[in-house]
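Order of writing sets the labels: A, B, C, D and E. Residues in every chain begin at 1.
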Amino acid sequence: MTTTTPLLQLQDIRKNFGAIEALRGVTFDVSGGEVVALLGDNGAGKSTLVKIMAGGQPPSSGKVIFEGKERHFESPAEAKEAGIETVYQDLSLCTNVDVVSNFFMGRELTRKVLGVPILRQREMEIETAKALKEGGTNIPSLRVNVAHLSGGQRQAIELNRFVHWGGKLVLLDEPFAALGVEQTRRGLEMIERVRQRGIGVILITHVMAQAFAVADRIVVLRHGVVAGDVQTSQSSPDEVVNMITGGIERVAKGLANQPETGAGT
Amino acid sequence: MTTTTPLLQLQDIRKNFGAIEALRGVTFDVSGGEVVALLGDNGAGKSTLVKIMAGGQPPSSGKVIFEGKERHFESPAEAKEAGIETVYQDLSLCTNVDVVSNFFMGRELTRKVLGVPILRQREMEIETAKALKEGGTNIPSLRVNVAHLSGGQRQAIELNRFVHWGGKLVLLDEPFAALGVEQTRRGLEMIERVRQRGIGVILITHVMAQAFAVADRIVVLRHGVVAGDVQTSQSSPDEVVNMITGGIERVAKGLANQPETGAGT
Amino acid sequence: AAEMKGKIYYLVPTLLDEFQTGSIDAITKFMGDVGYEVVSLDGQNRTDLQLSQIDDVINLKPAAVILAAVDFDAAKTGIEKMRAAGIPVMIFDRQITSTPSDFTSVAGTIEIGHVAADEITRLLTEKNGSAKGKVLQILGDPGDPYTLEIQQGFEEKMADNGDVTIITHPAMQWEATNAGTIAQDQLLTNPDIDLIFVHAAHLAVAVAAVLEAQGKKPGEIMLVSSNGAPVGLDLIRKGWEQVEVEQPMVAQAAALAMFADKVINGEEIKPGTYDVTGLESVVTIEEWGPNIKIPGAAITKDNVDDVKFWGNMKPPTDPVMSVE
Amino acid sequence: MTTETATAPHNSSEMPARRRQVLEFLLDNLVWLILIVVLAVFSVSIDQFLQIGIFINILQNSTFIGIIAVGLSLTLIAGHMDLSIESVMALAAMVVALTFGTGGAGGALALEPAWLAFPVSLLMALAVGAIVGTINGVLVVRLSINAFIVTLASFIWARGLVVALSGGRSVYGLPDSMRVMAVDQIYGIPLLAWMLILVYIVFAFILAKTPFGRHLMMIGGNEVATYRAGIKVGAIVTATFILSGMLAGFAGWLLASRTAGATANLGIGMLFQAFAAVVIGGVSLKGGQGRLSGVFAGVLLLSSIQTAINVMGMPPHYTQMIQGGLVLAAVLLDTMKNTIRRRYL
Amino acid sequence: MTTETATAPHNSSEMPARRRQVLEFLLDNLVWLILIVVLAVFSVSIDQFLQIGIFINILQNSTFIGIIAVGLSLTLIAGHMDLSIESVMALAAMVVALTFGTGGAGGALALEPAWLAFPVSLLMALAVGAIVGTINGVLVVRLSINAFIVTLASFIWARGLVVALSGGRSVYGLPDSMRVMAVDQIYGIPLLAWMLILVYIVFAFILAKTPFGRHLMMIGGNEVATYRAGIKVGAIVTATFILSGMLAGFAGWLLASRTAGATANLGIGMLFQAFAAVVIGGVSLKGGQGRLSGVFAGVLLLSSIQTAINVMGMPPHYTQMIQGGLVLAAVLLDTMKNTIRRRYL
């Protein structure tokens, strides 16, 4: 937790879909090792913002600055290469293949035989089993197609695969929405561990308790603009709910990059 | 709240998918005007049970007794005719058409012209707008395809359309998972209103607070069997979490049909 | 019925064409006369299918094979294979010159083009005073050599015959609606078309229907077709068509039967002139083997009812006799 | 620092709402725009193309592909497809021609009074279509066999039946009462073209304004959702196959009237054309998407290209290449849509 | 009343796991089972069917449809499709034949030493396929035009090019070195059949064991998910179209060798056959599903039906009807799968 340049800065991001303005000038930032909870009502623009940060959609205007450099991620692949991992709200699983394939999607383990990459099926299976077990999720068989899994089992795959891959910034869009009590608890612990590795985390959730359990800072979106940006320690669930529903607005300018505990500079 | 026959009874319901036994003998019931929270870990079998009650999947064995008569719903259409309304966990929306079409899916308002049923587009639009407003959800345009809506906006359509249709029993499978704070609050209120109309409600959720806010009784599924069946007033969130994660088991036999307040017959 | 001498396979290229379906009946009857049972296999206009039929037929060890090739030359390998397996091969209707065979019975496509050219020259002269005017030629599928050879014969002869403008369009896949549409469009942009020459009678059906729908009187725009199918003769009777260049299908089939014994027994076939169902036909020994060419005739209103035309579907009842 | 914020997403200020609407409309109907451009280019560059007669020909020649394309569109929108339409059309034409035809293989049935041939033959054609459609529908719905393979089989056997029934022979000569459709005109426009227009109006209406049409669209979008919503998915899909068959039967009836008979290979190749028209017209092969107005434009576009080729007088060997190229060019134009939408909307 | 419960869903006790596995395996490979049944029925009921020569014919005649079906399967699995394969095959055959053919329209190019014709012609055929495949891929991926329409256009123009190049004339007479494939045998099995088997082994391996194959499957299942996961979707899909084109080119090279030349309408109708085989083999038209072993069985099944019809000697007017019927019957058998699975598993 230092006051160096933030990991990711967004400056005046706007996004419109035809006549609809989903984002109307969003500015905020996140530092390495910091957990920011991004809150807001349904349709506030949270997921749209995530997609912009993850390279899935270009903003209509505004700047994305990652590690001090302005970046225009043309695709999720580019954002990923830069170190941004994402768990999407609308799950990104291929339900026509099995759990292992989904877990390693795009980063399969291989060995070369005569220059041809061959999948290392067993290794991948073992690793998947381990990760899911740590996440507290029970899945009858890893070779079963994801189409046959329950909602929570699916989300667990998606949530647990990201930690596996490291990176510098993790974007989590309502990652616990379908998870059970225990799985959610372990998910929150995982975020804590990730933070300790110096990785920045942006967590979207509708559950105040979750935000207040792990976030250093809370950013509230409302109708496509930032309606609140406060240190968790200096706010309360009630206040935040008020910001979300439009009761109050509170953007602590200049405080954005403060360490999460303590109040001084 | 009387001690007449329950609205719906399940007796020893089993369901297996190939080698996987999702349900291993589930017995419980729900009465008119009663709200039962159906809780359980990911993969416990809750959604499978819902699909069986809703006519979408036949049980491998066991009895479904609705209004005192054994029923074998062959399709959701039949269950619906009998008065069972369902909100599914994996949303059941047609993202290729607009909000209004989804809201009235299968029950379009029409008028006959020369015997030909013609859609009453305006009326449907007005009604949709009203229902969504009551639910607290903001949707930029009702004519926009659902594909362009946020996760919470989609869930709101599905949740709000069911009250509109009445019925005798309502099955809600994690209906608030993607909803904002305010929308969830209104959703819980809505359940309360529905209960007051004498309709039975089964609510699935992973959030203890929601279960304890509206449920008369809590039923816990664990690995496909009932691991707990208690009056909300006689339990606590901690105890229920314990049942979910397998710490304890508590099935209050013979108490299942008790009124939610008071203890006597 | 008498004891059969063996099975002959007839590989017919397609059944979407009256000539071909008619030939099955004729060949089956005449071969029956001389003591052979005929089994026909439809090649559905697919070269590869016909080749696989050849492969299969070889395994069935027939007395002989009659081949009307989907494609004139692609059948070459198949013919070689069959003959190598000791199966005599008779070529019907579609002449194959690239490899030897045991007997060939054809009308000649180039010649059909020539006959058509002469008839059309005559019709134009009758109408315009001299051999001039505008002709719309509607081919069959442009991928089918049968139609291209008629075109070739027709155009080379027309070039000699006078000053006639020929506009050529293909009817894809020999499909009649396509022919009708071409005629309809062309009549708009070239209202001075004197005559339409289509390469098969079933195409004339749609063209005549278009003329009729446009309020034309029969003969106002002349129509000539080749192959002599029954609908073609009907159109002549109704006055929509002036000339049909007949392919002597019945005689072509009869010739096969006449020489079948000789071919199958490996006896020598002598060149000379033979009488085939009343038509004077010439057998020559060509590079590719013995070849009988049977003259096709021009059918007009005057002779349309002659039973010798296959389009009248009165095949000769007298049995054919094997040539001694 | 406590303020109220606005209450709903705002309109973007960059483009006036009005202009945006016009642009949206144009993009939604881009196939029509392309059709107009193409016709204009042909009119200018091809001698004698620009005359009423040519445009009427284009319309009239669109009839058969146009009508079977409607059935194809309906099945595609519902998330299935119907490959049998071409053969069903030929079968209906052949059955009618074999019954009433006076020349060739025709049976020359004469009814008293003569005009009876008109309704009777129409019913026969529709019945043929309905029967094949029912077979398709039942196999797809009841036995849940893939529609592609079911209707491919029908495509093959129905054509086979045409060959078998006719013995490969052609029929020529239909009673006058049956040729009305091909011969008569109203306001200078052939009845065939009117039929085409009528079919499009009726089915565009059904799709847009009736529960049936809406359910079709939703079934194509998410069959599970409609099933759960209590929509009788099976019945609707079956009905769609029957409709598609009947439309093909109707087209066959018109085709018999047009060719004054039938041949064994009647209509061969039209399936591909119908498919091309439907896809150019914006119907998605994945189901749940498409409007008949686009399909109509697609049909006219293909017909215009064919007519231009017929009129141009080019070496016949090149027609196919040019046709393929033009289809591609038309579709390329259509993709500008996405670029424009992304850039300006 | 407080007890521990078991920790994971249990195996159903109704059926021993072993028997279930066997049943699952049989159901997964039902097309093979059907193929065996069909061959057995044919062998018993058709005179002279049961002989080695016939079975070798079935295998050999499957070569062309079999190889293009692989390309079709790959594109379908990736959620697209390639209709151009039939025409590309013909185009490759024609280009090779025009260059090396000694008769007809052939150019009679003679290389020194003579065996050079073999590799050179192979490379030419593959290049033709790669070029058309690249065009298809780029249009589909870069301009995101629907693959159906792109490849339909290619289907038309490539065939047009065949007709134009050859002027409709055929070519025959290829140098001996190029006919090796059609003439030679190894262990009594024609080289053509070996090529078929080789192609299936190689591509089945690629699909099952390499990241490329797995990505293909996942792209077909959920393109958005793979894109988000950083998979180079565009590159993979383009490569798939190129592969499909090259396979078609290879098939064309073999076909030229088999027919010792090429004709303008070479291979017409094979597209439908390939489609039927692929769908019978269990490849989903919606993408993300299918195994080549099933496709292979599908190809052999169709080829067996065709051969049976050839050998049976039935009235030819009925062959198409019977063919359509048999295809349907085979698929009907396949649907028992679902019933069995529902009832016993």
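Points to keep in mind about this one:
Definition applied: contacts are C-beta pairs under 8 Å (C-beta built on N, C-alpha and C of every residue); 3 or more make two chains touch, one makes a residue touch a chain.
Just so we're clear, the structure is a prediction, and the values are computed from it rather than from any experiment.
Between chain B and chain E, the least number of touch steps comes to 1. Shared contact partners of chain A and chain D, listed by label: B, E. Comparing the CA-atom centres of all chains against that of chain E, the greatest distance is found for B.
With chains reduced to the mean position of their C-alpha atoms, the one farthest from chain D is A.
As a whole-number value, the distance joining the C-alpha centres of chain A and chain E reads 43 Å. In whole angstrom, the spacing between the mean C-alpha positions of chain C and chain E is 36. Per-chain CA centroids place chain A at a distance of 30 Å from chain B. Multi-chain contact residues of chain B (touching two or more other chains) are listed as 20, 43, 138, 140.
Residue positions 15, 21, 142 of chain C are each in touch with at least two other chains.
Among the residues of chain D, those touching two or more other chains are numbered 7-9, 163, 167-168, 317, 319-320. Contact between chains, per the stated criterion, is found for A-B, A-D, A-E, B-D, B-E, C-D, C-E, D-E.
On the chain D side of its complex with chain C, the touching residues are 47-49, 51, 53-54, 57, 60-61, 64, 103-105, 163, 167-173, 179, 182-183, 190, 255, 258-261, 263-270, 306-307, 310-311, 313, 316-317, 319-320. Residues of chain B touching chain E in their complex: 16, 18-22, 24, 43, 222-225, 227, 246, 248-251. Those residues of chain D lying in contact with chain E across their complex are 139, 143-146, 148-150, 152-161, 163-164, 167-168, 272, 275-276, 279-280, 284-286, 317-325, 327-328, 331-332, 334-335, 338. Remark: chain A residues 17, 20, 40-43, 46-47, 89-90, 137-141, 144, 148-153, 156, 174, 177-184, 206-208, 241, 244-245 touch chain B in the complex. Per the touch definition, chain E reaches chain B in the complex via residues 1-12, 14, 17, 20, 24, 345.
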